[in-house]
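Pasting the structures in now, so scroll down.
Same chain, two partners: chain A is paired with chain B first, then with chain C.
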Partner chain A sequence: MIDLLIAILRSGTPLVYITLAGVIAQRSGVWHLGLEGIMIIGACATILGIVATGSFALALLIAVLLCVAASVLLWVVIEKLRANPIIAGLGMTGLGLGGTALAVEAIFGSQATVSAPFGVPRIGDSFGRFGVLSIFVVALPVVVALFWVLLRRTRFGLRLAASGEHPFALRSIGGNPSAMRLAALVIGGVLCAIGGAELAGGSLQFFAQGMTAGRGFMAFAAVVFGAAHPVAAPAAALLFAILGTLGIRAQLLFGEKVPHDLLQAVPYLTTVVGVWLSSRLRGGGDGGGYGELRDR
Partner chain B sequence: MTHDRKTRRIRLNLRRRGLLKGAAAGLALTLALGFGAPQARAAEGLLALVHTQAAGDNGPVDSMIARLNELAEETGMTARAIYAQDPATYETIFRTLGDAGATVIVTTFAEVGEPVKALAPLYPETRWIELYADPVEPALPNVATVSYDYHLGCYLAGVFGALISESGTIGYVGGASLPTLNADLNALRAGALSVDPDITVLSAFAGSFQDPAKGQEIATQMYTEGADFIQTDSAATDAGIIAAANEAEGRMVSAISPAQYRLGPSTVATLVSLDFGQSLYNEVSRALDPGWSGGHVSTGLGSGVIDFLASPVFAEEGPEALAAKVRAVWPEVEAIRQKIIDGEIEVPFDTTL
Partner chain C sequence: MPPDSPAAAVAALDCRDVTVRYGAVTALSGITAAFAPGLIHAVVGQNGAGKTTFARVAAGLVQPAEGEVSILGTPIRTGHVSESRAAGVELVHQSFALPPSFTVSEAMEFGATGRGGLFTARRLRRRWQAHLAELDVTAGPTQRIRDLPVETQQAVEIARALITDARVLILDEPTAVLTPAGIETLFDRVRRLKASGVTVLLILHKIREVLAIADTLTVLRAGQLVDGPRPAATVDEAELTRLIVGQSDPAAGRSGAGPAGQPVSPPVSPSVSPSGPGASPMVPAAGSHPPALGIYALRTRADSEGPALEDVDLEVAPGEILGIAGVEGNGQKSLVRAIAGLAEVESGRIMLGGRDIGPRSLGERRAAGLRIIPFERNTEGLSLRSSLWENWSAGALLQRPLLSPVRPDHLRRDCAAALREWQVRYHSPAQPAGSLSGGNAQKVILAREIDEAARLIIAAQPTRGLDIGATAFVWRALRAARDRGAAVLVISSDLDELFDISDRVVVMLSGRVSGRFAPPYSLTRVGAAMTGAEGAFA
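Now for the complex of A and B:
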């Protein structure tokens, strides 16, 4: 049971951080489909940073700076160049996936996996079997709680929601929706850097190209599933992680009786059902618009 | 006010024009780099590899690219490796290379079979080599296909796993449930059961050949379930499986490429080696012969391309007790290997799960 819990926390933590980035972007009015790309930039920068500097703190700082830069670029493309946010987000994903492969090729002369001598600091043997978990796993509940306070109990959170749901209302009180979106994407960039660092350095300690393997899109699905709520969306991400882990366990236990493909599809089928259910429960599906996907 | 609007409109038009000009220049540059260069260089001969799995796997794709470059250096030709991620682009890539006058186009894995079959007759001067493919029906004179009896190596991995396992449980992790990988799993199971009828073989597919985090999660669960030996069959996902093995003592992995020894010096005990790089080198060298003609090549144990090998790194850096046990059981594995080569043991090729 403890091993199962550890497996869920390990696979769920990067997903939750990325989901939080998606939540804040969504609330500001940006459908963030660039999560995958910015996450892999964070993963790549962390491992390459550790190799180059020998310091996790410096590596994380580099990852944060690069992810924030990518987020600002996305903001410029969406807000200043007036590009479609969805297309721009997908472009950012392509840029992240391709750019990291190019960076590894340019630095090391091959696209092989880059290993780091160490990764994200772990909480240590004093926590028994949980000692293999990284500090980002332990910090997760605190981060989610702070995130909830930020979005639901502060003026900033209120203005952020207004910039997404009713930009005109925000402008009428002198606010600037575009600036709020920039702030949201920058905070999201920091979260993507942490999520990428956890994925590549939490337990693996290496970077392989394309290693995000669709987690950014899973996080986006969690944002929609959780209606961009600061607690419900991370809970949805954690649910995906639980289903993924149980899917593996089902393969081990029932793989000879039930087709592997079906068992592998269970988490994704659940995602689709969950997103549909979330939309129905909130009265979505009757019309378009962003508002239906946010908590009310 | 009207003047301001006009000025703004003119500015916007200029900005748009600038953007359009920039885009046109970018497109022209891309075309020049993407299409012009191969055409210009094809005069000395172009060796192209179109791979459908990403490089950076410490295994098949990396070794193929390395050997392609080596061959290009030896022959004075130009090497070009192209990652074809999207099946919709296969035909465009092949046509571009064909138009560029590529001498040899090497393709990887079964999914490119149909586009090659359709395009090879249009480019008769280009020699096409499909690695990991079934024979083309009807045969084409400028297409060679190469299949690999990798399941034979997996059978030996099953034998080895059953002989060395103390828990009586071993595992197999595949990238995706494809017919050839299903055959590998069935062969591994058959090999293990041939030695120990009571052995438990756990199996799972990651659903991706590029997800080391998922590989680690699967392997961790397998080890927790009692497995002490896992055979990997999932390209870049393998790295996560090895990472899981490295987390505790007594865990062993059988990987695919010698490059993976260093990822787990004390855990990667064996390899079901499939040297795609060597295979590419052999087949392209043959294709450069003026008298070459297409056909099908089947490789198995004893061909130098597929084998079951004990890691020399594990022998030196692995836990002493396990390394000694590997040495102890190895003669039995060798004997069974020889029986397979001699045809005394027939390994089933069963693609159903």
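Now for the complex of A and C:
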């Protein structure tokens, strides 16, 4: 049972961090489909950083800087070059997946997996069997709580929501929706770096090409499922993680009888059903978006 | 008129040579005007005259190409909302600008300046409760903006504007969405603000309202300052009309024949003066013809768009204009949606030209002669980002088979001809519909919806937000359609206009028909039917 719990926390934590990044972007008015790409940049930078510097703190700093840089790039493409955010996000995903593979190839001369001597610091043996969990896992409840306060109980959070829901309202009180989106993407970049670091360094301590395996899109689904709420969306992500982990367990138990591929598909099927359910429950979205009507 | 006459006190709002260009279009040219503090100023003009642009320049939302703005003697950097707000200018938009999912107290907080930081839900509620109570806003602080009736939304919007120490409050077309009672409440509110020392600028276009409340008048026409600010007492209704529409404007509300080239036959009653019943009411020929529209014991389900209809019975004969009066949100939208086939009908029948259209789709209903001028010009009536010709041809294209070839060049040519006929002011059929002013946009919808094959025309708030000239145009077009034999169903919250145009008036209250009237109409009796005998509905 404890094994199962640990497995769920380990697989769920990166997903929740990425989901938070998606939530803040969504609330500011950006459909963030670049989560996958920025996450893998964070994962790659963490492992390569550890290999290069021998320090986790430095490696995380590098990962954060790179993820923030990628987020700013995405913002420039969306807000300054006026590109469609969905296409731009998918482009960022492609850039992240391809760019990390290229980096590994360029540095190591092969596309093999890169292993690091250590990963994210553990909370330690004093916690018994939970000691193998990384600091990012135990920090998660605190981060989610702080995130909720930031989004729901500060003026910043209200303005962020306004920039997504009704940009003109924000402009009318002197705010700048574009700046709010930059802030959201930068904060999201930090969260993506942490999510990527946890994915590659939390339990695995290696980087492999495409190791995010669609987690960015699952996180995006959790954002939609959770209606971009700072607690509901992480909860949805955790639900996906629970079902995913149970799916893997079921694979070990019933691998003989149930097709392997079907069990592997469980988390993704859950996502689809979850998104469908959420749209049923909330009576369907309105597609969102108030145009700024130019009436004079 | 130089604004720097030494006698005047420091102006609350002083604009000099303000010019605004949107691309090739000059929206405002060289406006110089100074508004004295502590008064109610009306800025009037037709749609497209530049009133909203003027308000937005003062509020910092629009950066003028040239010109200076001073607030209470302090020059501000133009084009910065925060600068204008810091100087004490607040703007309440015509189409309100608060996020619909926000609670009332969140809507207050998000625009607040000064000390912010963390808050709890309770502290947020406490902080704004007193502010709302002070302004007599009835909305609870935890109600969501989208759940509020339109009058309350406006009151919340005004309360939002007054969270800072606003010295100059600009209201852009505040009466467009209000009922007569709502307008009275608003004007009371405005007068109280004036008493507390706030300078109020009202952007208006209804002459009667202007003369009822304004201390000074400023008239804009086609981006130019025509007159003012001058004391309202020195202007009468006739002169103000002349100033607003100008002499040469063909759409002026003067009596006589319609403008040349109009596709509609000469109007029966060209008068738009809100003075009692207008055209002689046509008594529908009973018996011989089926009514163009017959609604019998119609019940619908309540949905997010409005209340349920309960046992609604209506008939509109060919060649008749039926007016639907009522406070907004009492089932008018549900009625239109039911006739269009967009609402869920529980029981009852809807007959179009004697045929039950219950199972028919909107496309089939349109083929049978149903035409709709919808409530929301900018979202339901037009696709603002699509070109004029696409908008114009959408109705006809709907009737063609799915795979029938489309000839854009022909559509563009026909569209240009139609728009010329309907006197739409535009550059090219390829320009987006969103670039037209309200009146011209409505004319595009009229050009599409009023054709020879129209049997039943539903006109939902067809003149909302339109100026005198455009309003007269719309009424003329509807009368002409009536005279050609089409049935017209007009839904309006402007009783004066409704009385003027309707052959009969039906009042809706809470999804029911609460009164049926024939001319001469009594404002008191119609008003009583609108509010219900027990007065449960304000």
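Assume the second predicted complex is superposed on the first by the 284 of 296 C-alpha atoms of A that agree within 3 Å, B and C clash if a C-alpha of one lies under 4 Å from a C-alpha of the other, contacts with A are read in each partner's own complex, and residues count from 1 in each chain.
Definition applied: a residue touches a chain if its C-beta (ideal position, glycine included) is under 8 Å from a C-beta of that chain, and two chains touch if they have at least 3 such contacts.
All values derive from a computational prediction rather than experimental measurement.
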item: Contacts of A:His166 with chain B and chain C, given as first, second, both or neither; value: second
item: First, second, both or neither for A:Leu15, with chain B first and chain C second; value: neither
item: Chain B or chain C, by number of chain A residues touched; value: B
item: First, second, both or neither for A:Ser203, with chain B first and chain C second; value: first
item: Chain B versus chain C as contact partner of A:Arg153, first or second or both or neither; value: second
item: Touching partner for A:Leu33 - first (chain B), second (chain C), both, neither; value: neither
item: Which superposed partner A:Ser115 touches (first chain B, second chain C, both, neither); value: first
item: Partner chain(s) touched by A:Ala213 [first = chain B, second = chain C, both, neither]; value: first
item: Footprint of chain A on chain B - complex, ascending; value: 54-58, 62, 65, 177, 202-205, 207-208, 210-214, 216-218, 220-222, 224-225, 236, 239-240, 243, 247, 259, 263, 353
item: Residue ranges of chain C touching chain A (in the complex, touch as defined); value: 22, 27, 48, 50-53, 59-61, 80-82, 84-85, 91, 93-95, 97-102, 106, 109-112, 116-121, 160, 304, 378, 384-385, 434-435, 437-438
item: Residue numbers on chain A that touch chain C, as the complex places them; value: 149, 153-156, 158-159, 161-162, 165-166, 168-175, 283, 291, 293-296
item: Interface residues, chain A side, partner chain B - complex; value: 3-4, 7, 10-11, 14, 101, 104, 110-113, 115, 132, 199, 203-206, 208-211, 213, 244-245, 248-249, 251-252, 255-256, 259-261, 264
